[in-house]
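Here come two complexes built around subunit A, the first alongside subunit B, the second alongside subunit C.
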Partner chain A sequence: MDKNIRAYICTGCGIGEALDIEALSEVVSGEMSTECKTHEALCSAAGRAMIDGDINEGVNTVVIGACSPRVMQDEFNFGDDKISVRANLRENVVWCAGEDADAEYVQEQAADYMRMACTQADKTELPEAFQLESINKRILVMGGGIAGLTAALEAADAGYEVEIVEKSDALGGKAVNWRKQLPTRAPWNDLEEPSIGDLIKQVESHSNIVVKTGTEVARISGEPGEYLATFKASGTKSEWDAPAKVGVDEQDLIDKGEMEDPNAGLQHYMAANEAGEKFGSVVLATGWIPADVSGYEHLGHGKIANVVTNAQFEAMASKGKITRPSDGKPVESVAFIQSPGGEEDDKDFPYCNSVTSLVALKQAMFVREDNPEAKAYVLYQHMRTPGQMELFYKTAQNDDGIFLTKATVTGVEDKGDGSLMVAARNTLLNEDLLLDVDMVVLAAGMVPTTHDEATINLAYRQGPAFLDLELFDGYADSNFICFPYETRRTGVYACGGVRKATTMEETVDDATGAALKAIQCIESVDRGVAVHPRSGDKTYPEFFFQRCTQCKRCTEECPFGALDDDEKGTPKPNYTRCRRCGTCMGACPERIIGFKDYNVDMIGSMIKAIEVPDDDDDKLRILALVCENDAYPALDMAAMRRHKLNNLVRFISVRCLGSVNMVWIKDALSSGMDGVVLLGCKFGDDYQCHFVKGSELADRRMENIGETLGSLGLEPERVAVRQVAITDYDTIPEVINEFVEEIIELGPNPFKGF
Partner chain B sequence: MTDERSAPGAGGVLVVGGGISGLTAALEAAEVGQDVFIVERNPYLGGRVAQLNKYFPKLCPPSCGLEINFKRIKNNRRIRVYPMTEVKQVSGSAGSYQVTIETAPRFVNNNCTGCNACVEACPEDRSNTFNFGLDTTKAIYKPHDHAFPMKYVIDADACNKCGKCVEVCKYDAIEMDMAPKSMTLEVSSIVWATGWNPYDFNKLENLKPESSKAIISNMMMERLAAPGGPTGGKILRPGDNKEPESFAFIQCAGSRDENHLEYCSYICCMASLKQITYVREQYPEAKVTVFYIDLRTPGKYENFRDRFKDDGNVHFVKGKVADIVANDDGGVTVIAENAVTGDKVRETVDLAVLATGMEPAAKSAGAVHGLTMDDNGFIISDAGRGMIAAGCAKKAADVVTSAQNSTAAALQAIQASRR
Partner chain C sequence: MAEGVRVEPDLNFIKFLKKAGGDSMKKCFQCATCSVVCPLSSDNKPFPRKEMIWAQWGLKDKLVADPDIMLCHQCGDCTAYCPRGAKPGDVLGAIRAYAYTHYGFPSGLAKLASNGRNLPILILLPVIIIGLLWLISGGAHIPDAETMRTVGFGHFFGHWEFPWLAKNVAFIDAIFLPAVAFSVFAAYKGVKSMWDAMVEQVAPESDFRPSARQFLVDYLYPSVVEILTHKRFNECGANKDRVKGHLPLLLSFIALFAVTNYGFIRKDIIGIFNPAMHGPIPLYDPFKILANVAAVALLVGMAIIWANRSRLEEEQGAGRTFYDWFLIGEIVTVGVTGFGAEIVRLLGIPSLAYFLYFIHLVSVFMLFFYMPYTKFAHMVYRTFAMAFERFRDSNFVNPAVTDDE
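And then the complex of A and B:
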């Protein structure tokens, strides 16, 4: 677009009082050669009318020197075909100047923000949405249990075509073996007849749903909007099975014959199977497997016939009256053990969540149903019946034949006649217990299918499985509290037991939500926009491959596995897997990756636009590259609270610290700036980065650049990463001051003026 | 985002409530392509989670996710937001509801730049409801630091109409004569994400919250620990600002109790454990006692409980608290019976935190709008009619569960609009 740029400076909100507006306008009109107007309240109707008038006369790019870009976004949006760039004079300069501010320093700050904004306006372009050549809107649901059936039905009811792939020979999953199900609705106090049969019928008769039983996914290649799935008969091997990830070093060893190729006999991960089926997105609902609890020797599972798991007990109960496995005697007493840890540990069995408490209550009711004289003992450390399920617990409490107590179970012994002796301490009776029972039921957990197998079987360069599973004990869960469907694999949404041990009621909601996300991903791809967290973003990374050296850093570092390799070994972007964080752009040493409105040249030019005095040792210049989602709002809020921010620092907001390219650091230091600090999110296991790895990658890169700086005779301490949360508005001034003090200690950049 | 200045279209989804559940339902539907209206009673979006210091178990600030959600709203022209607005009447039937909404006067219009000059001029104070009355704001005020929309508001009950704010406002943003405004929306379905209120702890007669300032609710504790709270994030005893040396957390304060809330409020066990981490951060030696019936920290939350395993100053006592007695030094004595040993426990502490539960906010109003409610005031979804409950309006739940069922609600709303 041929740009016609005009700048506007607002003098409201204290800006006019704090700054020499005339001088500031001259910087814009003179140095930056951009016509500049001022207004006492740019966001007012009159202010916007002034800008609208100029737009009518041909201005198409406006520079707004006023408040933070986080506010007044609608007011300064002049349409999709206009560019609007903001210089944050209010929060980043005037409101954080402090009462004793030196007017000269403040003026210099403001001038730099106007220079940067004018440069940004010059370098930025209107985004053009990325469009797939053809898009497939069908949804693949992996797993035919409650979660998969629900997701399929809900998506189909919204008008989408769905295919369910179920490994076993029948739909229904675990639920087909239930005698009864836990309450799913008010009044939450009684067991319900299983609804799985009805659910299966609805699915089988739905015109939008195709069901494939006895079938597994060998691999899924491609990207949202055009996934290509290869199926196979359950339990068989296929040349299209998803290949394991092979790193560059491993490939070397394989090539030298020093390592066995894990993918021998398999099709290359980039090979496209002509016989595959196309889909737009995937719901992963492959569920769980009952945990093996035979390792708890004092409880006797696997050794004593009458000690069974909850899953085994349910299967028995669904077939008829419950009898003792050893001799078929109808049971008269059953002990349900919730916690295996004896005196040392009061946790439930692993992989439990609250479901197992509820299942124990349900099964205790089965014992009573079969024989009103029978006794059920539920021995727990903590009864987990959260929320409305408390009302179900109360039903069990009201049954005299169900004996519930906190208890530390120390052992289960076979008495030789088929009956068992359960020993427990620390009970609510204030005495130790010895229970003589016919059977013991252990509350074994629900291990997600992703625990031991890749399951989703993606033919991605980064490997076939979800990443970071170890953070969630193998569950395909999200790290984000507020965004439970976000993982590192765009277009794949997990639900049900594969994500968490859940009740049927929770699973139904979870699966319906996953169906929504699968639909939303498809519709976003269709519109050519990004999904969460930059939802609606029309920009996408563009690559200038002629200069690519195939170093593969972008491919390796992309948190979302968006890049594969093409047949020549050049990175192959899958744009609809991309979340637009710019980590690839930050990683690229050749600087060939960029977005229309956010690229290496643009930010680099903005940095170079900062005026660096080379004759004044007091006027050091520090660059701060700031995460736009957390640290930048924290700076805004610090300013709103009128905290003083160090006026030697210039802030530039970045999409994510992962997008920070090393060359920006070099740009800053070679133009004479004295230090660079990166303000980003907390990293580690409880990372807060919404692009997962951004701040962590930036930290690693800064360690590396430290070595480079050292070789140039510059102190590595001139560059640093600080972890800042959005709520750190009271402490962020000190974080910045401390860094500035360190730079003052080091003295001016020796390259200043060169 | 488009606001009330633009005319609403027909056939959209109405989301009642702009907390995390309403925001989630609205955004997830809008990002599929649906037109969505959000009405929110407060002058800001974010609801209860905006008042939380951190989320469990990650201990991350809720404003981080809210910032993303607000950005999603700003960037999505399918969403219209009506703060300070309540639903007055619902008529029509599935697929076509006419909903009358009423916006209370904010007395501050869209010209507000957030410059704060009005606050400096205002002579009147009001109790800060956002901080549960632990401090005050001026009668004209910014709802809180991270408020969205970032516009000020006048509390009519506190304002003396002196006009000083009008004089200092350079932007003609204050309209003392602003009147309530009604309008009717035509929608195909309604997501009720009306959320919850903390159970009124003054009803807990044996725990006597009125007898001492050393007895606070868990939500007050969130504000005391929050950087934007009344004490700048320093946990101090209300009234005398003492740095507490000992704490009692009293679980199920109202929940799992036939006389109050018969259900479990789901979040309180984890919330208290989370709050112990706030205490630990500021007072490494403080003594903490937790009185509980069951510790409901299932699944991955057990790992969170592990962090107190080796903390010799954190004690868990299984037992319901029978009484709290105010002491002359400003502290209180908590009296309970240990359910396992049978011993009577008397614990004297500087601050007692009642883990008060959640009460559905639509409890009293819901039936008026033709909603089906259960005995406890939670809304029962009727997806077929396009009347859908989400978040804690549906059941007591944590943030993750609320976000899940609100995402589900978005799909049910879309189905209703496509039928």
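And then the complex of A and C:
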């Protein structure tokens, strides 16, 4: 595209009063050789009309010096064939200047933002969407329980072809063994007859749904829009089983014969099975398995016949009147133990949550249903009945024969005749209790199937499983709060027990959400745009493979496993797996990866466009590379609250700290800037990174660059990473100030002026 | 085996409480708001929170031996502030109703008197006794207005005269003295059981017990004074107005008790020597004036109590129970028929006067005969529970000097 760039400076919202607009226009028209116009309200109809007029005369690239790029996006969108770049004069300069700001400093700031925006406009190209050669729109649903059946039905009703793969011989999952189910509708009081039979019938009679029972997924290769799934009979082995990850070092050892090949006898992960079936996206609804509670000696599970788990109890209850396993005596009293007690004290059984609480109440009702004189004790440390389920709790509580108390259970003892004695302390009755019961039911939690097995069985270079699930105790999820259903693998959406311990009602919601996500994925792929979180983004990483050294950093570091290896060992991008975070671009030492509107050269040039005074010890220049998802909005919000931000700092927004290439740091320091700070999301256990690993990777890379700086005689402290949450708008000025103080302490960059 | 209290919930007890006004008790989720607002609660005994869970768990032995149950005078603060609508005040009322039945002697009569379904029997019993005696006394006819003006109800049971006692007085005594004596004995038995059960809870192995004088002077007397002054009633938050009903009622009962004794001495004792004393007490007699003032106080007190109770049920959703309304009904009947009979007598309508008088006798009989088993029993149980509270705080239960010191 032949660019015809024009810049516009808005003087509204206080910009005109705070800045010398004439001088600023001269920077643009002189230094940056770009024609510049001003207007008192660019976002108004008149302002837009002015720009539209210029566009009609041939302007196709517009630089807007006004408010934050996060606002007025529609007003300053001039169509897909025009480039629109923003300079954030309002939030990043004027509103955060503070009352006592030195006008000279503020003017320099504004000039730098205009220089950067003009540079950015110069370096930005129009994106062209990536299109797969062919796309398959069928949805694969793994698991035929409530979650899988609901997801299948929702997707099928929306007009998509669905295939359900169920490991066992029948549909229905856990629900087919329930006597009754928790309430799913007002007044939320009564147990309901299981609805699973209905659901199965609807699925089986749906013309868009194919069901395969007794079947497992051996492997899924390919990418969203053209997944290739290989199935096998449950419990069997196949040459198409998903291969384990073999890294470069391991492959070396295998080649030397020093290590056994874990994938011996299996097809290579890049091999395509001619007999496989094609799908567009996958819903993972493989559910959960009851946790093992036999490890608690004092509770006697596995040793005492009449101590069972809630899952075992449900199975007994579904078969008829509940009787003691030891001698078949109808039960007159049952203790439901929700927490192991003993030395664990306040802890619950592993993988317990509200569902186990509710199930205990439900099963207590079974006991009462079978015998109106029977007693059910529920001993808990935490009774969790969220939302409308509080009404269900009230119903259970109101039953004459259901007795609830917080308690630390200290032991279960067999009295010899089959009946049991439960001992508990710290009860609400303010006494240590001894209860005579016929049976004890332990609350075994719901362990997601992804806890112990790969389950999804992807044939990806990064291995068959989701990564880092230990952060979520094995639950298949990438960012629970912000992006439900999404996993670390684009195109695979989790719902039900594999995602979270859910009640039936929650599972139905979940499954519907996951089905919608699966559809969104297919349709986004069809249009050639990113699925999420950068939904609709047409750009994608482009590789200049001639210069690739096959170092595989991009392949290893991609949080979403988008890159495989081709036959020669060169990275093979799978664009529809990609989320456009740019982590590969940040990783690449050869700097051969970039997007049309976001690349190493573009940001590097913007950094170099910042004017660094080389003869003034007070006018230090500090570069802040800011994550656009959390830290940048926090800066905007700080400015909206008129918090003062240090005016020695220049902010550049990046897609993710993971996309920060080390060369930018070098660019900044070699152009005489005195420090570089990276503002990104929290990482670790409760990470907030949209792209899971970005800020963590950036942190690691900065440690490495610290050493390089040291060897050049620069203090490693000149470069730092700070973790900022989107809610940190009140503290972010201080975070920045502290860093600036540190740099002032260190003094100006010794290379300044060279 | 681990230490602890063996717990066995009593489902029948739970059913009883739910029927007797405690239908909301299972709603309690132990937040202790009630204990925060209750003036009876202390740090060590979160009253009535612990009673609520005991009730939920059907632990009746613990509850009936808990003096706090009796000390509660249902001010209603807990019910007003309960975030869950568990109405602890009503639950405690139901527990008291259960306790009166539990300790009631003989237990058959106690059970009979605690159930609303038995109301016809409860009424029929005195109707038959008094009616039968009326028939066999020979007085079973309505006098003319002239006779009524001179002798009042003096010929109700006939006018044949023993040498020393009017036949009428003899019949009255024959009915009411045994009834009251029985009731007092039954109350004694009940209170004794309660006291023993309470001692068992706080000091099961104590070798010490107070002397009769200590008991009377240190425990019982201050309790009676406290009752008369309505000290705790005045601490009420939610139902401060109740003292306006209960105090006149209590004072009128004391006054009427005094008047009855005066009448007994005048008619039954002095009357032996001076038959002229047998007639109606003249209206100018100071005791008669007191009686009439007391009757008005009783009716005013009952009107206030009736209104308060209705308001409690409407506004705070308190349960409408036999336990509460039986006593209100009894006292109102006693007051209305007693005062009514006097007025109708003075107006000179013998048939109506006789009818009202008959009902009056029946209701008075019911009030006192069933006293140990109905809400009226609070008169004795609460008084002794208050005495027990003082005993519990004394050195008999909490030795000031221990072996360690």
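Observations on the model:
The working rule: the second predicted complex is superposed on the first by the 742 of 754 C-alpha atoms of A that agree within 3 Å, B and C clash if a C-alpha of one lies under 4 Å from a C-alpha of the other, contacts with A are read in each partner's own complex, and residues count from 1 in each chain.
As a working rule, contacts are C-beta pairs under 8 Å (C-beta built on N, C-alpha and C of every residue); 3 or more make two chains touch, one makes a residue touch a chain.
Being a predicted model, the structure only gives us computed values, none of them experimental.
In this overlay on subunit A, subunit B clashes with subunit C. Of the two partner chains placed by superposition, A:Cys548 touches none, neither subunit B nor subunit C.
When both complexes are overlaid on chain A, the residue A:Val165 reaches neither subunit B nor subunit C. When both complexes are overlaid on chain A, the residue A:Leu428 reaches subunit B and subunit C alike.
Shared-chain residue A:Glu373: touches subunit C; no touch with subunit B.
In the superposition on chain A, A:Val27 contacts neither subunit B nor subunit C.
Using the contact criterion defined above for the overlaid structures, shared-chain residue A:Ile607 touches neither subunit B nor subunit C, since it reaches no partner.
The partner of subunit A that touches more of its residues, comparing subunit B with subunit C, is B. Once the two complexes are overlaid on the shared chain, A:Asp348 sits against subunit B while remaining clear of subunit C. Contact with subunit B, but none with subunit C, is seen for A:Asp509 once the two complexes are overlaid on the shared chain. Shared-chain residue A:Lys500: touches subunit B; no touch with subunit C. Residues 394, 428, 430 of subunit A touch subunit B in one complex and subunit C in the other. On the side of subunit B, the complex with subunit A involves touching residues 1-3, 20, 24, 27-28, 31-33, 49, 53, 55, 58-69, 71-72, 74-76, 111, 113-116, 145-146, 150, 170-171, 226-228, 232-233, 256, 262-266, 294-300, 302, 318, 339-342, 374-376, 378, 380, 395-397, 399-401, 403-408, 410-412, 414-415, 418. The touching residues of subunit C, when paired with subunit A in their complex, are 1-9, 11, 14-15, 18, 26-27, 29-30, 50, 53-54, 56-59.
Partner subunit B is touched in their complex by these residues of subunit A: 12-14, 40-41, 43-44, 67, 71-74, 154-155, 157-159, 185-188, 347-348, 351-354, 357, 380, 382-391, 394, 406, 426-428, 430, 472-473, 475, 477, 479-485, 500-501, 506, 508-517, 519-520, 523-524, 527, 531-533, 535-537, 629-630, 633, 637, 640-641, 681-682, 686, 688, 690, 725-730. Those residues of subunit A that touch subunit C in the shared complex are 373, 375, 394, 397-401, 403-405, 410-411, 413, 421, 423-425, 428-436.
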